[in-house]
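Each of the two complexes below includes chain A, the first together with chain B, the second together with chain C.
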Partner chain A sequence: MTIFFQSLLDGLIAGSIYALFAAGLTLVYGTLHFINFAHGELIMAGAFLAYLFMMPPLLLSPLLSGIFAVTGVVLLALLMDKTVFSRLRNANPLLLLIASLGLSLLLQNLAQVLWGAKIRAFPFPLQRGKVFGPVVITSVQITILWVAALTIFLLYLFLKFSRIGKAVRGVADNPVLAKTFGVESEKIIRIVWVVAAILAAVGGILVAADTNLEPHMGIVNLVRAFAAVLIGGAGNVWGALIGGFIIGLSENLGVLLLPIGYKDAIAFFIIILILLFRPEGLFGTRWGVR
Partner chain B sequence: MVKKFVMFVTVICVALFFAGVSHAGVVKIGAVQPLSGNLAVYGQGFKMAIDLATAEINAKGGINGKKLEIVYEDGKGTAKDSVAAVRKLIDINKVPLILGPAASTNFLAVAPICENAHVVLIGAESASPAITKAGAYVFRVFPSDKLQGKGVAELVEKLGYKKVPVLYINNDWGKGLKDVFVANFTKKGGKVLAEIPYDQGKTDYRAQLLQIKRFNPKAAVALVYVKDGAVIFKQAYELGIKTQWIAGSAAKSGKLVKLAGKAVEGLTGTYPAFSNTSPAYKAFAAAWKKKYGDKKIGIFAEYNYDMVHLVARALAKGGATPDGIRKALYKVSKGYVGVTGDKTFDSNGDVGSAYGVWSVKDGKIISKR
Partner chain C sequence: MESSRPLLSLDALTTGYQRMQVLSGLHLTVNPSEIVSIIGPNGAGKSTVLKAIYGFLAPWEGVVRFRGEDISHLPVVARVKKGMILVHQNDNIFSGLTLHENLEMGGYLIARGSLLKERIDSVYEQFPFLYKKRRQAARVLSGGERQLLAIGMALVSEPELILLDEPSMGLAPRMMARIFEWVGRIHEMGKSILMVEQNARQALAISHRGYVLDLGKNRFEGRATDLLEDPKVLSLYLGGENSHENL
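This part shows the complex of A and B:
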């Protein structure tokens, strides 16, 4: 039974991070209508920039490093849009997808040139986890849970109540209609990039804090995010958040039934099932929430 | 004038005569070593050991009166450059034997070339089990990692643990090693609680560790490399897994302690070891000191030194042809005890090894032979 509760907790922690990735990915999909393969590299860039600020010679505090890293990733996302995606605004989504794949490979290899392929870790002191009944949780993981929860809450407030947030949802829903109501779509697209970059960077820093960093960490997490987006129905932010938790939980609970080597395959398995039987996602248009 | 001319001709004739003699009196073998590049820090030490053994052999009359000469080529520590260097030694220098490059990847890259050309390849540092099957012309004086499985099983038994789960890296090395461990451990009456594979280069191994935690074992075997090992032992520590971890030699590194800190305190394992109090070792160490002064004995220098001495014996017995050397290597190695112990080749050109125990104490690696 101990292993069940521990796996449940690990699933929640992983799920909260996947939810952040998936929400950003689905927002970009909703407004620009393509799967951004370079989203994984925003995740990776967040982790590596935070690492850069935390290590010598800068030695900034984790909080300060995180803020600078998120800012850096926002700038990176805007640069990506400016140099690549804005030039393809009216192009075939397939072209955008391929362009993002190219960007992804470029950034992965750039990171490998700059930092090497080896696995790195944030310079946090090693601690025994705290024991709560059947489960063990480290102080870093507790921080992850509340940072992820706070980020999701702020995202909710932004999309639900702010004018810009409503406009973002409007553009995602119907760009033509939004334009007739005077919503400037270029501005909205930039805001979507900023939000997606913040979510990716925060998640990337959290995942690196929980585990480790390496240049290909982006693509690994992108697969999870993609599965979560599909579960939620492409473009559906709330669905993507729930999808993230579903992926995290099924990965960690699934290995109680399946051989351990299949852990990484679970996300792929879900992708295939959804595409085969419910391509519109579990909460497809019937729920109508976007 | 005439006198001068006669003298000139005489000098030339004498020079030619001696040149001819020295040419006829030399046995040349090739060596591909990482003299520059990533592994150069090791390569220089290998070369020093090879040169030391060569000098000793030549001081004692060489190969049946002929001088042994090593033709060095720089493999630069990469498979690509090692292949080019081996091709040059085979095609241009036409050597019958090559002292092969360090790192199993490089060694395995050149092995098929030597095998096809029927040139003997012998290595002193490569541990990959794949080398066992690399060909009839391929030898090594370094023990295969596969033997580790036996060493680990003996250590677990000696420490008094009867039931252990085994965590292993999911590649040829890890699986081979795990199989040997499981076979040997169960033969001794031990019970393997679970066999848990993991993939190299991941950032999260907690799912695997939970599988170990459910048994709450007194001891657990971890057949890991340094980098994955660091991640694994740290996450095990965070998860509060309190068990005696037992590893192989691949994890025996100061780097592991640096990366994983107190998470690996108390970790123990086996490694291929040889006595540093044997007469052979003492003679080697004295010879090294005499030739190189206070320069530290390089890593694997002992294996390189044994390799050259074995090769010299094979050359003397079998002649300087690949097939002569190949057959002679089996004969001369039989019962040959070098600095690094018994170097008797089995039918695959592999050697056995004795195993020592290492452990981490107060952040330092302690080795016991």
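This part shows the complex of A and C:
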């Protein structure tokens, strides 16, 4: 029973991070209509930039490193859009997908050139977890949970109550009508990249804090985010958030039944099930942000 | 009705899509507080006229003027700011947004929150059913209600000129009558209206002037009452004189 509650907690922690990845990925899909394979590298870049700022010679605090890393990833996403995606604005979605795959490989290899393929970890001292009833949780994990929760809450406030956030939903819902009322789609697209980059970078830093970091960490997390996006219905931000938690929980509860080596296969398994039986997602595409 | 300067004028407008020319040398004016209808057979380019006026389509030749100013090459957003708004014939609401959020999008360019709220409240006064359903997603609305929401969204921006693309499209006769009644009421609020309509008779019945478009060219134009009695217009575009009695 103890292991069940522990897995539940681990699932929630992982799920809260996957929710951030998935929300950004689905937001880009909803407004630009392609699956951005390089979203994984925004995650990876967040983790590596935070690592860069925390390690010698800079030795900044985790908070400051996080802020600088998120800023760096936002700039990277805007650069990606400016140099690659904006030139393909009206192109076939398949072309955009392949371009993003190319960017993804480029950035992975760039990271490998700069940092090597070695698995690294943030320079946090080893911690003894605090015991709460049947579960053990470290202070890093507590921080992860509240940072993820705060980020999701801010995303909700932005999309639901801000004028620009509503325009983002309007463009995702009906781009021609949004233009009719004077919404400039290029401006909204830039906002979407900023939001998606913040979500990816925060998530990437958190996942690295919870586990470790290496140049190919983007891909495995992209698969999870993709599964979560499909669960929620492509383009549906609220659905993607819930999908993230479902993936996190099923990975961590699944290994109670399956050998641990199958953990990464669970997201693939869910992708196949959803595509076979409910390609529109559990909640349908026309819900939530749209 | 005749004013010294028209609100909107098209001067020898030629445009189209890619290599397909749709409009050739079109002339059209809308004077302040006038209702003008564009009628004509399917494929005459009626909706294209509205797209060109609104900036969704660039002119190949000719000029679009608003209050005397050449706006031919301004982007859509600049034209909205000058005081015009287009109501599309379909897909004219944000189906996933609530009714209230739809109205807020209608006033997207109104930066001041208090002013936006005031405008939305006045739309709620005119369409109380919108207020009742304001927290529901717009997809729950019926066809006629959608059309009224779309008109409500256009009113939030307080335009001088409203471009209506087939407002009665696909509606039941009773709802159609209600939409035309609303067009009249919006006119009473002091707005000018340029309307493209398939239901030519009903459109002309509430209009001051009309244009008959065929194959992208001006065929007839004049006071709406004159067009409704012109034998050529009647037989070619209004389904003959006999059907006049039936309607």
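Keep this in mind: the second predicted complex is superposed on the first by the 285 of 290 C-alpha atoms of A that agree within 3 Å, B and C clash if a C-alpha of one lies under 4 Å from a C-alpha of the other, contacts with A are read in each partner's own complex, and residues count from 1 in each chain.
Everything below uses one rule, namely that contacts are C-beta pairs under 8 Å (C-beta built on N, C-alpha and C of every residue); 3 or more make two chains touch, one makes a residue touch a chain.
Since we're looking at a predicted model, the values are computed, not measured.
Asker: Based on the superposed arrangement, let me know which partner A:K118 touches: chain B (first), chain C (second), both, or neither?
Answerer: first
Asker: So in the superposed three-chain picture, is A:A167 touching just chain B, just chain C, both, or none of them (first/second/both/neither)?
Answerer: second
Asker: Once chain A of both complexes is superposed, is A:T71 in touch with chain B (first), chain C (second), both, or neither?
Answerer: After superposition on chain A, A:T71 lies in contact with neither partner.
Asker: Spot which of chain B and chain C makes contact with more residues of chain A, would you?
Answerer: B
Asker: For A:K179, select first, second, both or neither according to whether it touches chain B, chain C, the two together, or no partner.
Answerer: A:K179 sits against chain C, while chain B stays out of touch.
Asker: Could you tell me if A:D10 is touching chain B, chain C, both of them or neither one (first, second, both, neither)?
Answerer: In the superposition, A:D10 contacts chain B only.
Asker: Can A:E214 be said to touch chain B (first), chain C (second), both, or neither?
Answerer: A:E214 contacts chain B only, not chain C.
Asker: Contact residues on chain B for chain A in the complex?
Answerer: 170, 196-199, 201, 203-204, 206-208, 210-211, 213-214, 227, 230-231, 234-235, 237-240, 259-263
Asker: Please give the residue numbers of chain C that touch chain A in the complex, ascending.
Answerer: Its residues touching chain A are 54, 56, 76-77, 80-81, 85-86, 88, 91-97, 101, 104-109, 139, 153, 157.
Asker: Which stretch or stretches of chain A touch chain B in the complex?
Answerer: 2-3, 6-7, 10, 118-119, 121, 126-129, 131, 136, 138, 207-208, 210-214, 217, 252, 255, 260-261, 263-264
Asker: Which residues of chain A touch chain C once you look at their complex with the stated criterion?
Answerer: Of all residues in chain A, those touching chain C are 163, 166-167, 169-170, 172-174, 176-184, 286-290.
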